[in-house]
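Note that chain A is present in both complexes that follow, paired respectively with chain B and with chain C.
== the complex of A and B ==
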């Protein structure tokens, strides 16, 4: 007689960064460790952990190429390895979910290591790195700038990752969408889109020092300019964590009321505009190279405008802020108002049909991804309270089925269609064509292969008008 | 005057004036503004009448008797077949013509009891007499040598003015000094509502009134001095109200005093000021200060003189002699709409606009655009101005100006596009298709092909070309005009050039570019630049259901199975060409693919021809051989799966 007493979800055990080429001499091994979380454990343990990871990496190298070592599963933990730059390794160690059961009166812990999807957490790890790189540049460049002073570098890294780890403690709800690093665009009518686009272009044309201009509405991108999707994702994450958060008010959901957050920016103004202090520097690829740029953030109502200036120029003067503000202030306010009006109209329209037939948990779910633009379209509610709409094993399965969006080079992958039935009676239908992946998730224990095919076809036809991925 | 030679002038006299015998003791000169004919009458007609106009080479010359009494007025009927001559204040003579010669024996004299102020031809055989008691239309019957009254309007008149373009006579009534416009047409006289002069006791002199046509509406222009400043103004009453009722719509502020004369050129009102020898230009379609529904206009630019005119005198020496004509001379007589006659010199000119120099004078590019969009010769000038703006004058700060200009151009373009569309859709159902008149295009119509060829093409591949094109596209979209092929292609190449794939993707998903096979193939041709382009190209192909091209693309990429699946769904089983797919499958050098494709067609054969074998017509022999040699067991042992 077994009884489930408690379930503990995935937790972060440790996260560390090291570079084996530092601290080669014996007794200086601690220099290899550039960062270790949690910090309050014995140095020896840290050195031991890093040493173990080094050993595993070196061992696997015997069989595979240099950075093919991706994950290590033990009974209680899952370790993920990521080498973003030669020599620098990021390691994420997770405690796997644990179920404590009572078996004949004795408490037994059962570890559910298979519930941890490597690919999802691997991309979480990758995201850590990209966010770091976005703000500080590559580790290599950092090390060079500090003349290889590992202690200084470690200090810098620690400063950054302590913050990141603090905000990302909750690892459990990570899912396929975290993995995709997808970017959500604001669905605008073509007239408004063109207006927003041309506004950004005109601003850059008027102030030639502005290299790029990205517009966001709440947490959605209005126009992304020429920023690569990786940079755009990092920028998006930065804005979400630092700018929108700091202005209180939850703006995660599109439907959230624009209260509080935008009050301070009724008339528009620069965020973090401290006179006589150079603005934030970020590393983005604008002209083929990853280069530092000043990032100026301007907010008005719900619109956030990110302006990039090549950091080779002198930091912008106070007058520059004033000039830009005077030039675009009123235009942007009216644009922001029009966008807000259209968005609220869309929300009303979207709410109307769903309220009539409430979507139950067993209704079909879908997820469409454009590998090129990293845009997704889904009805999977990620932040649903209480019971998850889609079980973890299905999520993990999709994550395993999903093709890495970053691996786009050359011709399109072959068209494919897959149907998978899970042990808990879920069906997953995957289609892939023209750099797009489509997933339909059905829950029906009695369905036959034919039923599933037809149901999937119906959803594809309903949601994919013209067989083209529309940016909904 | 000579000093002004190098100055910029916005108005000029036609280079080839109509020459006629100058006024002298023997010669009298008359002008008929209806037919635009100038009559040089020597010795009362006895020694000859030379009629010239409207061009230099349209000449009629004849002799007629001097029947006593100086000629007061002389006018041909529209077909030049009857000449009306007024010698007495109460009689008009009609001289019938045979060819270009008068039949002097058949002169019809029409005598009335009233005081004739003048007469106008309203039809080849109908002439309206305006006298102190009213307006009367007479029909001239040459064969009966008779004049018959057709229609009459009784009204006591002080003076009248005639606008030949609108067929409207403006009568100043003896009682109350009202200005009453009267529409005089063949057999019809229509009295229109009177001009509202504001003050009931106000008396308007004949010399202060000019009639003209501006933007399709008849205009009564009245010169008067401003009550507070004393400066002269022109009141513009347009006959565009209900039932052609005149409304005071505009006031032109001259800010000068003295003698003025008014012309209209290309829908502009030109006010000549003799004292300063300048002409002021007014465009009532431009915006001005609006007070009580009346728009107050200032001149478009400060007043400037008419371009000096050198008249080449007939001379024996080859270089000739040039006479600098005196402009704004006291011998000048102006007629509507744009005729200048110097009777002493014997010259008749038309006034024309110098569009190019106006472009340089109007520094406000948006106002210049509004101005040029209304000028008959504005298209090339506007295109030239725009070309300068996007080329050597380009600055980032000019983009808002360009945006406004694009909107102004496209507003007119859109109205034309939609009108054409309406005509096309209305045509078949319309029974009286013959009567549906073809709408005339706008004065200046700049279509996207003009923009593409003359504005955008010259700046192709410049870094800012994309920005300008996107602005233009936004403007087109604002007025619901779809981008056509050339423009779409150019936008695509600029976006690709700047690697703005995200924008390209969104434009295609919004269907803002033309969706056609040729555009999609254009995209495909650039798919080596970035995979994003091939995705967009395939999207477009699938939007327009160009499956056959997608199949070709897939076959080219070696995705034979995908292509076959699409072919099956789009073409239908029986139309798929087996040879093509087998050939592509063979090229992949993947036996699994070849096997699958081959089996697929075998099954098709079975369904269609009830045999596994391929029909001869499909020319698949080499693939059958290849299949048999690669899979020897397969074809002999296994029964067909069915």
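== the complex of A and C ==
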């Protein structure tokens, strides 16, 4: 008779970055390790771990010339590998979920390695790299700038990643949204959407030095401009981490009220960590090349505006800030107010009918992903607990079924339709067409295949018709 | 006697034989170019060796075990013992960055005298690009088997594998399960001092590859028995198991070539994927006649555990002792043995065989023979008594007599001659033209029904695609972490349905343009037909003596 005593979810065991070319000589192996978390482990163990990863990578090279080792599964851990630039490897090591059962009085640990969905965590690993690259540029460039000094490079990486890891310890709830690096856009009515769009276009036209302008409302994107999806995701993550939460950043407000409390964005102002110094430089790909740009952040009410200026120019002066502020201040304030009103109307509308359904979770959930713009649209509440949340195996299944974003110049994406029933009586219906994926999740145990198809069709038609007016 | 002879014949080719053990290596290399007498000696030697294994007390096997130890410590590079080719190997060893673990350079006596320079497998793109590689090595790094290429030339690779496995085992108390890279998967299992590795570009999932490696391990056990192997490895960790396995490589090869990676188009792979066996379709009356013939003639024989009648890789009848039954994995080994051995057709054979799941520690003795010259069905009578050959031989003769009188032999022959496996099934399948192929497995028995492969799956390419489709849905349905009950997938080239109910599992492939309601209708029709004809295609319970 076995009884489940305890279940421990996926946890981060270690995360490290190494480059084999830095520690070729005997006695200098520690130089290979550019970053290792947790830091308080003995150096020898770190070297051994890195050595094992290197050995696995070399072993796979025996059989395939593609330098693309992805994962190592052992009984207790899962290691994921990612090589963003030749020679530099990022490795994420996870402890797999563990269940402690008592069999005839003895405690036995059972490792559920197959519950870890590789693809999801591989994406999480890629995210780490992209966030780093967003702020500091490629590792290669950094290494060149420091003249190949591994120790210096390691220090720089360490400062950055220690912060990042601290905020991302929670790995268990990662799911398909993380996997595809997609972002939820703010659903706006046509008129408002066009207004916001026009606004950013006019701003760029009036100030030609502004290469790009991205607008966010709270944490949802309003218009994404031409920024690539990867960069947009990194920008979004950056804003979430640093801007929306930082209550202590002084406000570089010129013609409005003095600094005061940062909640006071009534009149709008630029956000800059240290006044009188050049603004933050980030690396984004506009015009097909990864180049440094200055990032200026302007906030008013709940709207955040991100402006990109090519870093080859001199950093903008105070007058520039003033000009921009004067130009757009009032327009943006009224736009922000209108968006806020619309959003609160939507929220009220959404709340009302679901109040009667809140106790049952039979209402179908859907998820729509546009592969080309990596935009998603869903009524799945990812952080809901208990009754409301979707069981983990269903979310993992969707991750299994999802197609990774493919090259747009590749062959036309296959058209597919799929219905799947799980052992806990959830139905997942998936349709894929024209680089768009739609998923509907139903939890009706009595439904037959045909019923489910009908229901899914109804939802497709009802919820997912307003594709036309989204960006890109 | 044999021991003394072989060294004198073969040692002449190796001037540097510091110990007699090299003779044993030499015999497995047919291009020796020494006295012709050696070849015959080898065959005879191998036959003898199998008998010796059975008896387990043979001086030969003890001696062979003894000789095995002098192959040198696996961990210390010892180039002096070989004839110099190993020096090339030493130069081409990649140094691992494992500073803590012992770097295993197993340049030991695995290298025989080669008449060609070491084949550098790592640069041989044909070898690297093979769809499926299977490697078997002992825990000490000794090569035992490689599906492609000669295993004694892969010593460095095996050393690397052994080092990886032992590093993870000892420093992290963990065990490697699999490695994934783009386009290729590596699966590792460890059983009783053997490490088995599969490197596969096929569509099989990790669990399916693990099952395949288990099958190979069972095949090895089938030749050697678990207790024998454990004893050997307990005594000498770096024993070279190849010596005991010479002759059974063809069995392993055949077992592994059931799927499309060996370019064969057949239904055999589905047996493996669903972990079941196929049954020879016969009318109920015929089958029960056969069974009663066997029962009548065998029930007086004590120690007879199983009687298995097979034709064309399908089971005709199985009669068993009460309380005992055969697992499908064991039956696969038996099928494999019959398929591989042409010699069974002409003579009656008496061979020891171990069924690992039934009893991994002992040998059953099998009387194997084909029923008659004109009937290609093979009868195996498995007994625990090793002196029962003549009794069983008589029993077989009587059974054949009886079957001939009942016209059962004719019925079997008729079944064998059908080009399409079975006329009724063929008709049924044709009546639903959009149904291209299906697999039906009832939950209560480990048996499978599948129709013959027809257009478009007769070509190798399409067959590979079909196999990929089945591997995929079987994996998704039976996934440990996220099993499913139903999959209905509309793809570009076919509609795939997988359905698991309380009584059966059904996997079917349809034309891509059929709509859902029609698919459901066809499936219902098929299920009804199968249930009507159930006893022709499935054996509900196996009869007992």
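Some notes on this structure:
As a working rule, the second predicted complex is superposed on the first by the 426 of 472 C-alpha atoms of A that agree within 3 Å, B and C clash if a C-alpha of one lies under 4 Å from a C-alpha of the other, contacts with A are read in each partner's own complex, and residues count from 1 in each chain.
Following the convention adopted for this analysis, contacts are C-beta pairs under 8 Å (C-beta built on N, C-alpha and C of every residue); 3 or more make two chains touch, one makes a residue touch a chain.
Please read all numbers here as calculations on a predicted model, not as lab measurements.
Ranked by how many residues of chain A each touches, chain B and chain C are led by C. Contact with neither chain B nor chain C is seen for A:461 once the two complexes are overlaid on the shared chain. By the touch criterion stated above, A:419 is placed in contact with chain C alone, chain B being left untouched. With both structures placed on the common chain, the touch criterion links A:107 to neither chain B nor chain C. In the superposed model, A:435 makes contact with chain B only, not with chain C. Shared-chain residue A:208: touches chain B; no touch with chain C.
Residue contacts after overlaying the shared chain place A:28 against neither chain B nor chain C.
Contacts of A:47 after superposition: chain C is touched, whereas chain B is not reached.
When both complexes are overlaid on chain A, the residue A:226 reaches chain B alone and has no touch with chain C.
Taken together, the two structures place residues 414-415 of chain A in contact with chain B in one case and with chain C in the other. Those residues of chain B that touch chain A in the shared complex are 396-397, 399-400, 403, 464, 466-467, 470-471, 473-474, 477-478, 498-503, 505-506, 509-510, 512, 531-532, 534-535, 538-539, 542-543, 557, 559, 561-562, 565.
In the complex of the two chains, the chain C residues touching chain A come out as 94, 96-100, 122, 128, 133, 157, 160-161, 163-164, 167-168, 171-172, 174-184, 186, 199, 206, 476, 479-492, 516-517, 520.
Chain A contributes residues 20, 29, 44, 47-48, 50-52, 54-56, 58-60, 62-64, 66, 68-77, 112-115, 118, 393, 396-397, 400, 414-423, 449-450, 453 to its touches with chain C in the complex. The residues of chain A lying in touch with chain B in their complex are 190-191, 193-195, 197-198, 201-202, 204-208, 223-226, 370, 372-373, 408-412, 414-415, 433-436, 466-471.
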